[in-house]
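A, B, C, D and E are the chain letters, set down in written order, and residue numbers restart from 1 in every chain.
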Amino acid sequence: MSTVLVDAAVASRGVALELAVPSGSVMAVVGPNGSGKTTLLHLVAGLLRPTEGLVRVGDLVLSDARRVAPTHRRRVALLTQRSALFPHLSVLDNVAFAPRAAGATREAARERAVAELTGVGCEALAGRAAHELSGGQAQRVAIARALAGDPRVVLLDEPMVGLDIGAAAELRGILADRLRGRTSLLVTHEALDVWTIADRVAVIGGGRVLETGPADDLLVRPTSHFLAQLGGLTLLAGVGRGGDLELADGRHVQGLSDEAQPLHEGRPGLAGIPPEAVSLHLEPPGGSPRNALPAVVQSLEPRGPVVRVLLDVGEQRLAADVTSQSVAGMGLGPGSAVWAVVKAVQVRLYGR
Amino acid sequence: MIRPPLPRWLALPAAFAAIFLAVPLVAMLVRVPWSRFPALLATSSSLDALWLSLRTCVASTAVCLVLGLPLAVVLSRSHGRLATAGRLLASLPMVLPPVVAGLALLVALGRRAWLGSRLSLLGVDLAFTTAAVVVAQTFVAMPYLVVTVEGALRSAQDDFDVVAATLGASPTTVLGRVTLPLAAPAIASGTALAFARALGEFGATLTFAGSLQGTTRTLPLEVYLVRETDTDAAIALSVVLVAIAVVLVAVTAVLGRRQQVRR
Amino acid sequence: APTSGAAPPPPARLVVFAAASLSDAYGSLGRTFEAEHPGVTVVFSFDGSSTLVDQLTSGAPADVFASADQANMDKATAANLLSGAPALFATNTLTLIVPAGNPAGITGLDSSLAGKKLVVCADGVPCGSATTTLAKQLGVTLKPVSEETKVTDVRAKVETGQADAGIVYVTDAKSSGSKVDTIPITGADTVRNNYLVGVVATSKQAALASAFVSLVTGPEGRTALAAAGFATP
Amino acid sequence: MIRPPLPRWLALPAAFAAIFLAVPLVAMLVRVPWSRFPALLATSSSLDALWLSLRTCVASTAVCLVLGLPLAVVLSRSHGRLATAGRLLASLPMVLPPVVAGLALLVALGRRAWLGSRLSLLGVDLAFTTAAVVVAQTFVAMPYLVVTVEGALRSAQDDFDVVAATLGASPTTVLGRVTLPLAAPAIASGTALAFARALGEFGATLTFAGSLQGTTRTLPLEVYLVRETDTDAAIALSVVLVAIAVVLVAVTAVLGRRQQVRR
Amino acid sequence: MSTVLVDAAVASRGVALELAVPSGSVMAVVGPNGSGKTTLLHLVAGLLRPTEGLVRVGDLVLSDARRVAPTHRRRVALLTQRSALFPHLSVLDNVAFAPRAAGATREAARERAVAELTGVGCEALAGRAAHELSGGQAQRVAIARALAGDPRVVLLDEPMVGLDIGAAAELRGILADRLRGRTSLLVTHEALDVWTIADRVAVIGGGRVLETGPADDLLVRPTSHFLAQLGGLTLLAGVGRGGDLELADGRHVQGLSDEAQPLHEGRPGLAGIPPEAVSLHLEPPGGSPRNALPAVVQSLEPRGPVVRVLLDVGEQRLAADVTSQSVAGMGLGPGSAVWAVVKAVQVRLYGR
C-alpha cells in the first residue's frame, strides 16, 4: 500500500495542503505559478519539513513537524523541471544510478538502464555525456532515470516542459503506460496530460488544495476557473469498433486515433471532445460533420463570454460551449432535445 | 560553446606573476653544480633521504585524505559556532611557523607529554620514529587539503545531491558517487597541495621527529644539513624536490584532463 | 609499536644528538667508531643545539649529546639530562668574511665597514653572543643590516654577495671555501665558543656512549675536528 | 530544501581529524607561561615583530591577490602544454623547503644576481629591506592562492559567464561581476591560506631578507630567536601568531556567512 | 539595420542552416527536438563557431570560419531554456545587469530594472534572491533581464516553457508587444506563439532550414508535416467592429476576444480559426454555429486521416480539415460552393 496522504503546512511559503493520493493512482496537480505545486512535491519527497501536520505514505508517517524521514529511504522518485543529469556520468550511468544505489550489480543496473533508455527512445545516446544532449533529449533521459529505480511514489514536476509536440505525445504515452497502477503525482499545465495520464486531479491555488477528484469528473465539470482554463475535455467512454468508438447505446463516435495510445478493436477506449468543438443543432445537419448525437440539455452555465451547455448523451455527459446568442436564438433550456454535432477531426480517440 | 574570453589586460598581471614565480626557480637551476649532481645524489644519505621522503609523503597524504576529506565534507555542511570553531581549527596549523608546530607536537605527543606518555604505556612510541615524521607532515599538510576541498564544496551551487537522494542513494552513496566525484578537481588540487606541503616540510619534522638518517631525515632535512657545509650541494638536492613536484603536478594535470574529458 | 621506520634495533645502535655544525667532523668520526666497534651502528641527529635540548627534555632516546655552546649544555645539565659532567672537545673562534674578491674593499672591523652591509649573528644565539662580546672587547660598534639566527645564514648572505661582510666561525669560513675571502680579526681568539659533549642520562648503553665521547675527545677526534677548522683544547 | 544528510560514519574520521589538529594546539596553550605573557609581549622586540608581521602580511597578501588572482583565472581557462607548465610553475614554490625558497630568491634577486644587479642599477635595492620580506612572503604564499582559486574556477560547471556575455557584459565586467563573485568562497579561503602562509613564513624570510629588529624580523623570526634561549617564551609568542590566525579565520567566516546569506 | 543572415554549417552537429531574418521582424523557429534550433541561436549569439559559412547582422559579418565577434559586442540577448539567474544577485540586480554592463549608472539601471520587472508582473519580487523564486517566476524575471539591455537582436529559446497557461498568455502578450519591430528569433513548440508573436516562421528539421516565410502564409498553408502538426491556424484579416471582426466584404466573424491582445473597434485585427473547427455544409445550417461564410473550394489535399480543404472566402484563404468520407459524401471538388461553418467559441479574435 502506498497511499500518499499530505496534510501539512509550510508557514514560510504560505502553503497549507491537504491531499490524499490513493495507492496506485496517478494524481495530476494543476494550478497557477507559485501556487505551491512544487512545494507539495517537495513535502512528499522529504525535501521540505512541514511546519505543521504530516506526510504519510501507506501506514508510515514520513514527515511531521518533528521528524522527516530521509529522502533516500522513501523510494520516492522526483523528476524536476530541470533534468539535472549528473555531469560526470554518461547517459547510461545516469540511468543506471538508481538501480546501482538500490544494490544491483553493475551489469544488472546497466541492463535495466538500457531497457529504460529504450523505453524513452534514447538507447542510441547511452554513451554520451550529459552535456552533449539537447534539452529534449536530456529530459527524456531524466525520465528514464527516474523510472529505473522502481519508486513507490513517482513525483513529476512538469516533465513535458521543453519537449516538442511529437516528443511530448510520445512521452505522454510512455508515462501513461509506465505510471499506470503506480502512485504518482504529476504537476502539469496541460489538460491532455491530465486526462491521458492521470486518474485524479488536484487543483491548487494560493497554497491550498482547492478541489480534488477523479480526472474525468473534474474535466467534465470543472468547478474552478483554473480547470476551465485548462480546457476540460469531455470524455465519452466506449469500445473500439471498426476504427470508431462505439458507445453503450450502439452509436459510433468517429475521430482520429491517437498515435501514442491507439484505440484497439473490442478494447475499451475514450473519445476526447473539446466542448468548444461541439455545436448544437435543432435538426440533424447535412455536411461534413460526421458525428451527430441526439442529446438532452441538462444544464446551462454561463462562463464569461460563452455558455457551457451540459448534455446527456446516452447516459454519458458531454459539454458544449456556445455563445449566449446561440442559446437565445435556439431557445435552449434544460430538457431541450438537440443534436450535438462535432467534426470527426476534432475528436481524438484513445485506447485505455 | 565558445565561453566569453578573458579580458586581455589580465594577461599582464598573470604574466608578471608567472615570471615572479619562475625567476627564482630558474636562477636556482642555473646555480646547480650539474657536474657534481650525480655524485651528490648517489650518496647513501641522499638516497636514504629521498626514499624516506617519498614513503612518508605518500603515507601522510593518505592520512590527510582519510581524515581530512571527511573533515572537509563535514565542515562544508556545518553551520553555527561549532562549524566556525572547526574551520578555525582546520586552518590554524598553517599559520604556525613550522618549528613552533614541531614544538607543539613535541609538548603534546612527546614521551614526557600528557598524551605521549599515555601512548607510551600502550606501547606506542612515536618520538624519533618514521611514524613521527608522518605525524608531523600530516599535521602541517592536512589543513591545506581541508581548506581547499571545503571551499570548493561550499561554493558548489548544484542540487545533484538532492537528485541522487530522490533516486534512492543513501548518504554514503551520494557522497561517494556524486559529491566527491563532482569535487574531483578540488580534491586533486587539495591533495597536491597537501603532498607538496608534506614534501617540503622541514621545521616541524626536525623539531618533533629529529634528523636520523634513514629513519627521520627526509630530503628537506638532508638539504638543511648539507647546507651547513655546502650551499651549492644543498641547492642541487633541492632540485630533486622540485623534480618530484614536477612529476606530481604533471600527474595531477593528466588526471584532471581525464576528468575534464568525461564531463 | 605501530610503526617504526627503522628495523628492530640491532644489538648496538648508538644515537648521537649533535649540533648541526659538527655534521662533517662527526660523520667521519662515526665511520671510524663503527670500524672500531663491529656490529655497532652510529646514528646522528643533527640540529640546532637548543632544538636538541628541547628534544632531550621531551624524552628523545639519545645516547650522546654534543652542544655547540656552553649555554645549551648548561640547560641540559640543569635538567639532569646528562650523566656526569660534559667534556669540552673543541672551540671555535670568529672571523670576518667577505665575498670572494672583496668587492666592497673591507679591511677589518674598522671604518671600511661604514655604509657597507655587515651581517652578524643575533645576540642570543651562540655566535651572536660571541660577536657581541668580541665587539665590546675590541671597543667597536657594529651596525649590522641583519642579525641572523643561524651562522649558516650569515655565510650564505656573504657567499652570494648579498652582504658585503659577515662575522662567522672559522669553521664556516673554511666550508665556504673559495666563495669567500677571510679577513682574520685580531684578538678574535680571546672569545671562544666551546663545544661540549656528554653521555645522556637515559642511555641504555652508557659504556658505548662513553667510548664515543672518548673518541671525540681523543687524538682521532682532534684530527677530524681540526680538519673541519675547529681548534681543539 | 532539506539537503540529503551526510553519512553518519563520516563523523568518526572527521572528529579524529579535528582532535588530531586540536591536541598539539591545546598542549601548546597549556604550556604557555601565562604569568609572563604580558611582560613577554610588551618587549619592544616583540611589538616591533608583531607590527612588522602584520604590515608585511597585509602587503604580501595584497600582492598575492593583485598578481595571483589574474594568474589563477588565466590558468583556469587555459589548455595544453603552456597551461600545464603554468600550473606546474604556480605550485612549485610550495614544495620547496622554505630555506631553499629563500636561497632561490637570493640567487635570483640578490645584489649579485643577474636580475638583482640590474634592479640595483635602477636604484632598487631589496637587500635587507622590509620590501624583501614582502617578496619572500609573496613567493611562498602566492601558490596557495593560485592553486585554490584555480581549482574552484575550473570545477565551476555553470554557464553564468555565457549568460553575462549575452547581456552585453565585456570580459572585464564578466570577470568582476560574475566570475569572481561566484568564486568568492574559494577566493576567501585562498586569501586566508596565503595570509596564513605569509604570517607563518620564516625560512625564506630569514634566508633572503635577513633578521633585523623593526625592519625584517617578523614574528616567526622573533619566535625562532627567542627559542634559542627560552623555549617557553617562544611558545608564548607563537600563541600571538595563533591569535592573529583566529581573528583572520573568524573574519573570513563572517564574510563567508554574509556571502551565503546573499545567495 | 539589423537584418540577421545566417548561412553557416557546424559539421560536428550535422547542421547547415541558411536563414535571413529581415530587420525588425520576429522570426519563429520551429522544429523537432535535436533539429538544430538551439544551434541556430548559438550561431547568432556567437557561442558557436561555424565550420563553414558566416553569420551577419546588418552589414557586419559577425562570424565566419576564421573569426567570431565576441558575444558581448553583438548586442544579442539570449534567453535560454533555463532562466539561469545569477545566484549572487538579487532579482533587481539581475535585471539591472545589462544596463549596468552598458554603462548606465546604478540608479538608472535600477530604475530600468524596476520598469522591466513591472512589465513582467514581478516588481514585488525585486528584493528576492534568485533561488527564492518558483520556476515560473524565475522565467519571467529572466525575460525582463534579457529585455532590459535593449538588444539589437533578441534570441529566445523556448521562453514559455514551464509557465502555466495564464502566465504564458500574459507573457505572450508582453513579448508580442515588446518584440514588435525588434529583430528576434523565437524558438517555440506552440503555434499560438508563432502567430501572436512572430511575423515569420522558419521550420527546421534534421539540421536544415526546411522552409521559411511569413507566419500567416505558412500557418495557412503548412507545407511540412511539422508545421501541420503544430496546428496551423487560418487567419482572416479584418477590422474590429462591434466586438466582431469585419471582413473586407462586410461579413462579420464572431469569436472570443483574446484577453492579452484584445480587438479594438475600428482597428485592424485577426481571426484565428483552427482548420479542424471548420465544417463544410452545402446548405447554411441552423443551430449554434454563428459563423457561416460562403466559400469556394480551391483545392483538396489529403493529409493522413484527414483532407485539408482550402477555401476562398471573400478573397481570403480559409482551411478546413474534414474526413475523406465527408469529402466523398458531399462530392466536393475544386470550384464547389459550400458554407464554411465554425462555432464562435472556436474563433479567437486578436488585435494587431
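Remarks
Assume a contact is a pair of C-beta atoms (placed from the backbone, for glycine too) under 8 Å apart; a residue touches a chain by one contact, two chains touch by 3 or more.
None of the values given here were measured: they were computed from a predicted structure.
Listing every chain that touches subunit B and subunit C alike gives D. Seen from the Cα centre of subunit A, the chain whose own Cα centre is farthest off is C.
Ranked by C-beta contact pairs, the top pair of chains is B-D.
Ranked by separation of Cα centres from subunit E, the top chain is C.
The mean-CA centres of subunit B and subunit D are about 15 angstrom from one another, to the nearest whole unit. Distance between subunit A and subunit B, defined via averaged C-alpha coordinates, is recorded as 56 Å.
The mean-CA centres of subunit A and subunit E are about 26 angstrom from one another, to the nearest whole unit. Note: centroid distance subunit A to subunit D, computed from Cα atoms, is 58 Å. Within subunit A, the positions touching two or more other chains are listed as 47, 70-72, 87. Residue positions of subunit B with contacts to 2 or more other chains are 1, 4-5, 99, 103, 107, 113, 157-159, 162, 164-165, 169-171, 174, 182, 184, 224, 227, 231, 263.
Shared interface positions of subunit C, defined as residues touching 2 or more other chains, are 54, 156.
Applying the touch definition to every pair of chains gives A-B, A-D, A-E, B-C, B-D, B-E, C-D, D-E.
If you check the complex, the residues on subunit A that touch subunit D are 42, 46-49, 68, 70-72, 87.
Residue ranges of subunit C in contact with subunit D, taken from their complex: 48, 50, 54, 71, 99, 117, 119, 122, 124-125, 144-150, 153, 156-157, 160-163.
Residue ranges of subunit A in contact with subunit E, taken from their complex: 31-34, 38, 81-82, 134-137, 158, 161-168, 189, 226, 229-230, 254, 256-257, 276-277, 279-283, 285-290, 305-306, 320-323, 325-327, 329-330, 339, 341, 343-346. Those residues of subunit E that touch subunit D in the shared complex are 45, 47, 70-72, 75-78, 80, 84, 86-88, 97-98, 100-102, 129, 131, 145-146, 149, 151, 155.
Interface of subunit D with subunit E (complex): residues 158-160, 162-171, 173-174, 177-178, 181-182, 184, 259, 262-263.
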